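Following this line, the structures themselves.
In the two assemblies presented below, subunit A is common to both, partnered first by subunit B and then by subunit C.
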Partner chain A sequence: MSLVETIQDKYNELNTFAGNGLLGSMREKAFEKYNKSGIPTSRHEEWKYTRLTSLANKNFELNATAILPSDEVLNSIRLQTEYAAELFFINGVFIKEISSFQNDAMVVLPLNEAAESEHKNYLHQHLNQSSKYMKDGMNALNAAFTANGLFVLIKKDKVVDKPIIIYHLTDTTDDNVFVQPRSLFVIEENAQVQLIELYKNNGLQESFTNEVIEIAVHENAKLEYYKVQDETENCHHVGTTHVQQVGKCFTHCVTVTLNGGTIRNNINMILEAPNNEGHLYGLYMVDGKTHVDNHSIVDNVMPNCFSNELYKGIMEGNSTGVFNGKIYVRQDAQKTNAYQSNKNVLMSDTASVNTKPQLEIYADDVKCSHGCTVGRLDNEALFYLRARGIDEKQAKALLLNAFASDILEQVKPEALRTYIGKKINERLNIDEL
Partner chain B sequence: MLSIQNLHASIEDKKILNGIDLQINAGEVHAIMGPNGSGKSTLASVLAGRNDYEVTYGSVEFDGVDLLEMSPEERAREGLFLAFQYPIEIPGVSTTNFIKTAVNETRKHRGLEPLDAVAFLKLMKERMKLVKIDQSLLSRSLNEGFSGGEKKRNEIFQMAMLEPKLAILDETDSGLDIDALRIVADGVNTLKRADNAVLLITHYQRLLDYIVPDFVHVLYNGRIVKSGGKELALELEERGYDFIKQEVAEEV
Partner chain C sequence: MSEMIETLEQTALSDYKYGFVTDIEADEAPLGLNEDIIRFISQKKCEPEWMLKWRLKAFRYWLSIEDKEPTWANISYPKIDYQNIRYYSAPKQKIAPGSLDEIDPELRKTFDKLGISLNEQNRLSGIAVDAVIDSVSIGTTFKAQLAEQGIIFCSITEAIQHHPDLVKKYMGSVVPMTDNYFAALNSAVFTDGSFCYIPKGVRCPMELSTYFRINAENTGQFERTLLVADEGAYVSYLEGCTAPMRDENQLHAAVVELVALDSAEIKYSTVQNWYPGDKEGKGGIYNFVTKRGICGANAKISWTQVETGSAITWKYPSVILKGDNAVGEFYSVAVTNNFQQADTGTKMLHVGKNTRSRIVSKGISAGRSNNSYRGLVQVGKNAHHSRNFSQCDSLLLGDKCGAHTFPYIETKNSTSIVEHEATTSKIGEDQIFYCNQRGIDTETAIALIINGFAKEVMNQLPMEFAVEAQKLLAISLEGSVG
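Here is the complex of A and B:
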């Protein structure tokens, strides 16, 4: 059975099982929307270079429950670091039992419980805000199956001094799986948090992740968000990170793609209050047949906001890359400062990148800039290193490492930076620099 | 040590070197002078192995082995050093790590153990004094944001660290004020030994007041048209390159 058929088959089963209420009505509307738009094809302008059709026609299991992995598997994906909370999604299902979050700075609930709790107003206010920007079927499809997602509230005035780590593990030992993690984070006034999402897999069958995470950041709060994809080539991913800057606040987001199959990352930064500041960084370093597509939206709604965006790519083998950066400056958003840059290095003749900045400016007193480059390693720099006795391979590695370093240094949690740095060095085949 | 015979080289079908003959022995300092476009920097590039240039004829032996057969890194490890006319800025590559890698690659080639961190730092401290280069520069990215003088001093510092047999200084004096020039020259003079050699490429006689050459060659239209002692440089300074051009014209 194709994924498209499985989705129809499973929807009623899940919907009946999961009950009504807030999530029920969201599911219903979303499913209707999904049925109208379906899984996007390359005829859809936003999906011109990223093809999902062959995945949609493949057989994937879709389950509302997951089999728990062994402790050994869990340990193998853990970052070696202290944490404020450790939250596990196994095959797209938030598993409370193996997660740990004993911390009085936060509330952690399965999304369906949160919908019945004292926090349900936050769900009314922030859940599914991303659908206003993501009009395609993938976003609706996630919402149509939202039942046992994750709700996290960082309480007012609390500074969470260690990172919250979300591990996404897809287990494809037996079957191809289609998984749909869903999370809502609310960061209350004056709170500060570092959030890490790390994607790992286990097994040789294929996985297809369709994730939505929404993060609402309130007045004077600070968010650092890191999305790190380190799955294997049999794992495909469509994910949306929707950051809503509700009050004047600061956000810092870094997306790192180390490996995978067909990958589409959407990141939206909605600057809803005056004087907001947001930073978006990205690094993709891919090889083989990996396809990585980063779509970003920076929406300046109110005046005096600042945003900076820098994405860098290293493309090897037959890999393909897409960068699409939208910046909206609405009519009221005077004195906006918005910067965007995308730089790519092609390491083989068969790798390619499509990069497209897209600025829509409706205010007249703004500063916006964008730029993109696609090229090879600088021959002059390479020669300089070789003229000092460093062989060609190592010289290339040094230069690529340097190219990646200004994104890597934006990864503030040390353990995560070390993890990514090690992966980069392994890829470049260098021991230590 | 270096023996260049009838060397011809071109870039994109444009002939630049038209038959260079040059013999450099251990312990010698040679200077190559010549007007703009005479092929000075091309010669340096061809010797260091820059692949933009095609050697169309001739041979270069370095300590008895065919230099032109070697990759740039092999030449460097064999002890050939080029101080760049325009050192490249490489953001993100730390100067110290770069030099450490370079030193240890060369040591490996010579069958020596790599220097550990302590020994490397000790050597570095010692050689830093030689070119009066500051620690803060070395902890920055390679040449990034360095002034012209700092870049040139960094070149000589690398030379001091790598201890080459033959150092080619490609217009190291250009863009240096008199103090920086003196520092650079002092560094080169201190490193001078009976078993190594220096090839200076320069426009001006000025540098030769500080680093005194044993031989001066004049390069013109891709050939060495005149050779002599250090007094030739003074003559050039006085009379300009025109008299050389005239002499060449008369020969034809």
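Here is the complex of A and C:
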């Protein structure tokens, strides 16, 4: 049975099982929307370069529950660092039993419980805000199956000094699986938090992840967000990170893609209040047949906002890289400063890059620029190094490392930076520089 | 400088000075579009059978996509009723003019008023002109002189009759009839346009030019231009256009094909000044144009355009860099004011080795207009060592207009280098202050800065056009600054 059929087949069963209420009505509307638009094809302008049709026709299992992995497996994916919270999604389902967190600074609840709790106002306010920007079937599909997701509230005035780590583990030992994690983070006034999302898989079958994470950042709060994808090439991924800057606040987001099958990362940064500041960084370093597509939207709604975006890509083997950046400056958003840059290195003739940096500006007193480049390693720089006795492999690695370091430097938690640095060195086939 | 002030003063009095209507009797087709209309056009033009067949084939293809009018562009307009357009309208002339002297004086006056000289004696302008009004070409100047060097310059209708081999070989080779919605429509109903062939190794001694004028009401203009530069030839070609002021929108859907064979060079300049509609956005021309050129080895095609008119502009002059070492260039200034909408840009398709392309696009938006740059740079697998540089700058005058950039960059070759950069800003207060300090008033200062902003493109225009284009720039923005 193809995935498209499985979705139709499972919807009613899961919907009845998950009950009604706030999430129920959201699911219903979203499913209607999904049925109208379906899985996007390359005829859809926003999906021009990324094809999902073959995945949609493959057989994937879709389950509302997950089997807990062994401690051994869990330990193997853990980052070696202290943490304020450790939250596990196993096959797209948030498992509270194996997760742990500090109680004083935050509230952690499964989404369906949160909908009944004292925090339900936040759900009304912020849940599914991403659908305003993501009009395609994938976003609706996630909403249509939202039940046991994750709700996290960082309490007012709390500074969480250690990172919150979300592990997404996809278990594909037996079957192909389709998983849809969903989370909502609310960061209250004056709170500060570092958030890490790490994607790992276990098993040799294929997986297809369709994730939505929504983060609402309130007045004077500070968010650092890191998304790291380190799966195998059997793992396909469509993910949306929706950052809503409700009050005047600061956000810093980094997406790093090292491995995978067909990957699409959507990141939306909505600067809803005046004087907001947002930074977006991304690194995609892929080889083999990996296809990585980074889609970003920066929406400047109110005046005096600042946004900066830098994405860098290294493509080897038969890989393809896609960058699609969109900056909106609305009519009220005078005095906006918005920058966007995308740089790519092609390492082989079978790799390709498609990039589309776009500006849509409706206010006049703004400073906006974008730039993009596609090129290769500078032959003269290579020669310079080789003339000094550094062999070709080392020289290339040195240059690529320097190229990637702009982004790597933006990864503030040390453990994560070391982890990514090590992966890059492994890829370049060197021990250390 | 003094010229700038003069222009501004002049234009304070008149908004669109080409908006008059010439009262001439016209020979028209009935409203509507069907196979009979196409047969009617073909018959009027005394076309051979193969041409009619070609048109009908295009029409049948268009019918199959009739409901699929493209919607991807960043423009909005009410649905066009293709049955409510007149597809053929020609000024009635008792006998076909044997020479330029026999042209209806009323028509001659019209072109004089537009500043286009149909007098060959008037050597001052030194440009050969093909004048097209509504659906027919009324005359081409300097034909005999050009023929001495083997250059063919005539209307496309004439070319179909007298040079069928060349037309058959090249027409539709760059823009096939199935290329897009408007190209299919044009292929079916095109009425006139220019044809030019430069033989091997010939450098065309003068600028060639076509002047397009829409006059009749409810009429669409569907021009078709075909330029062929044989090996080693060179030609510089200019195109200008105007239309009367009317309350309803009129459609202009053109196809321009350029063929530059090995080592040839074509320079194609456009100053587009169709009626843009009034200050409330009523009326104006819908300009849907497909322009494309193909380069052989070592050939060069350069597009320069100054877009100031039209209610809607939908135009992407492109170059297919097929041969090795070919060069493509695109220079554009697009100005929108009031309720105008422009979605314009270019496509550079790198196929051959060592191909180079350069894109410079300057957008200026004022009033409530929207101005978009949309471009594609594609580097194919075998386009080793190809190089592209694109620069798109936008200038915003006023807080109700929009400037948008949609560049597409697709690279499949690791030895090529592609660069794109774009900026958007308004005129800086410090720049105005600097000028004020030196005794230049604000309005002049703005004109000065805009001129400087567009200079890189203006410099590419042939002398005769540059002056006119500069004036146009000032006219289009008149009333939007200060």
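Keep this in mind: the second predicted complex is superposed on the first by the 433 of 433 C-alpha atoms of A that agree within 3 Å, B and C clash if a C-alpha of one lies under 4 Å from a C-alpha of the other, contacts with A are read in each partner's own complex, and residues count from 1 in each chain.
By definition in this document, a contact is a pair of C-beta atoms (placed from the backbone, for glycine too) under 8 Å apart; a residue touches a chain by one contact, two chains touch by 3 or more.
Everything quoted here is computed from the prediction, not taken from an experiment.
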First (subunit B), second (subunit C), both or neither touched by A:Asp349: second
First (subunit B), second (subunit C), both or neither touched by A:Ser2: neither
Which superposed partner A:Ala363 touches (first subunit B, second subunit C, both, neither): second
Partner chain in contact with A:Asp406 - subunit B first, subunit C second, else both or neither: first
Which superposed partner A:Leu398 touches (first subunit B, second subunit C, both, neither): first
More subunit A residues in contact - subunit B or subunit C: C
Subunit B versus subunit C as contact partner of A:Gly389, first or second or both or neither: first
Contacts of A:Ser25 with subunit B and subunit C, given as first, second, both or neither: neither
Touched partner set for A:Glu380, first subunit B, second subunit C, both or neither: first
Shared subunit A surface residues [contacts with subunit B and with subunit C]: none
Complex contacts: residues of subunit B adjacent to subunit A: 48-51, 71-73, 75-77, 82, 84, 87-88, 90-93, 97-99, 101-102, 105-106, 109, 141, 158, 162
Subunit B-facing residues of subunit A, complex: 378, 380-381, 383-392, 394-395, 398-399, 401-406, 433
Touching residues (chain side subunit C, partner subunit A) in the complex: 72, 379, 381, 394, 396-426
Subunit C partner contacts - residues on subunit A that touch it in the complex: 45, 331, 334, 344, 346-349, 351-376
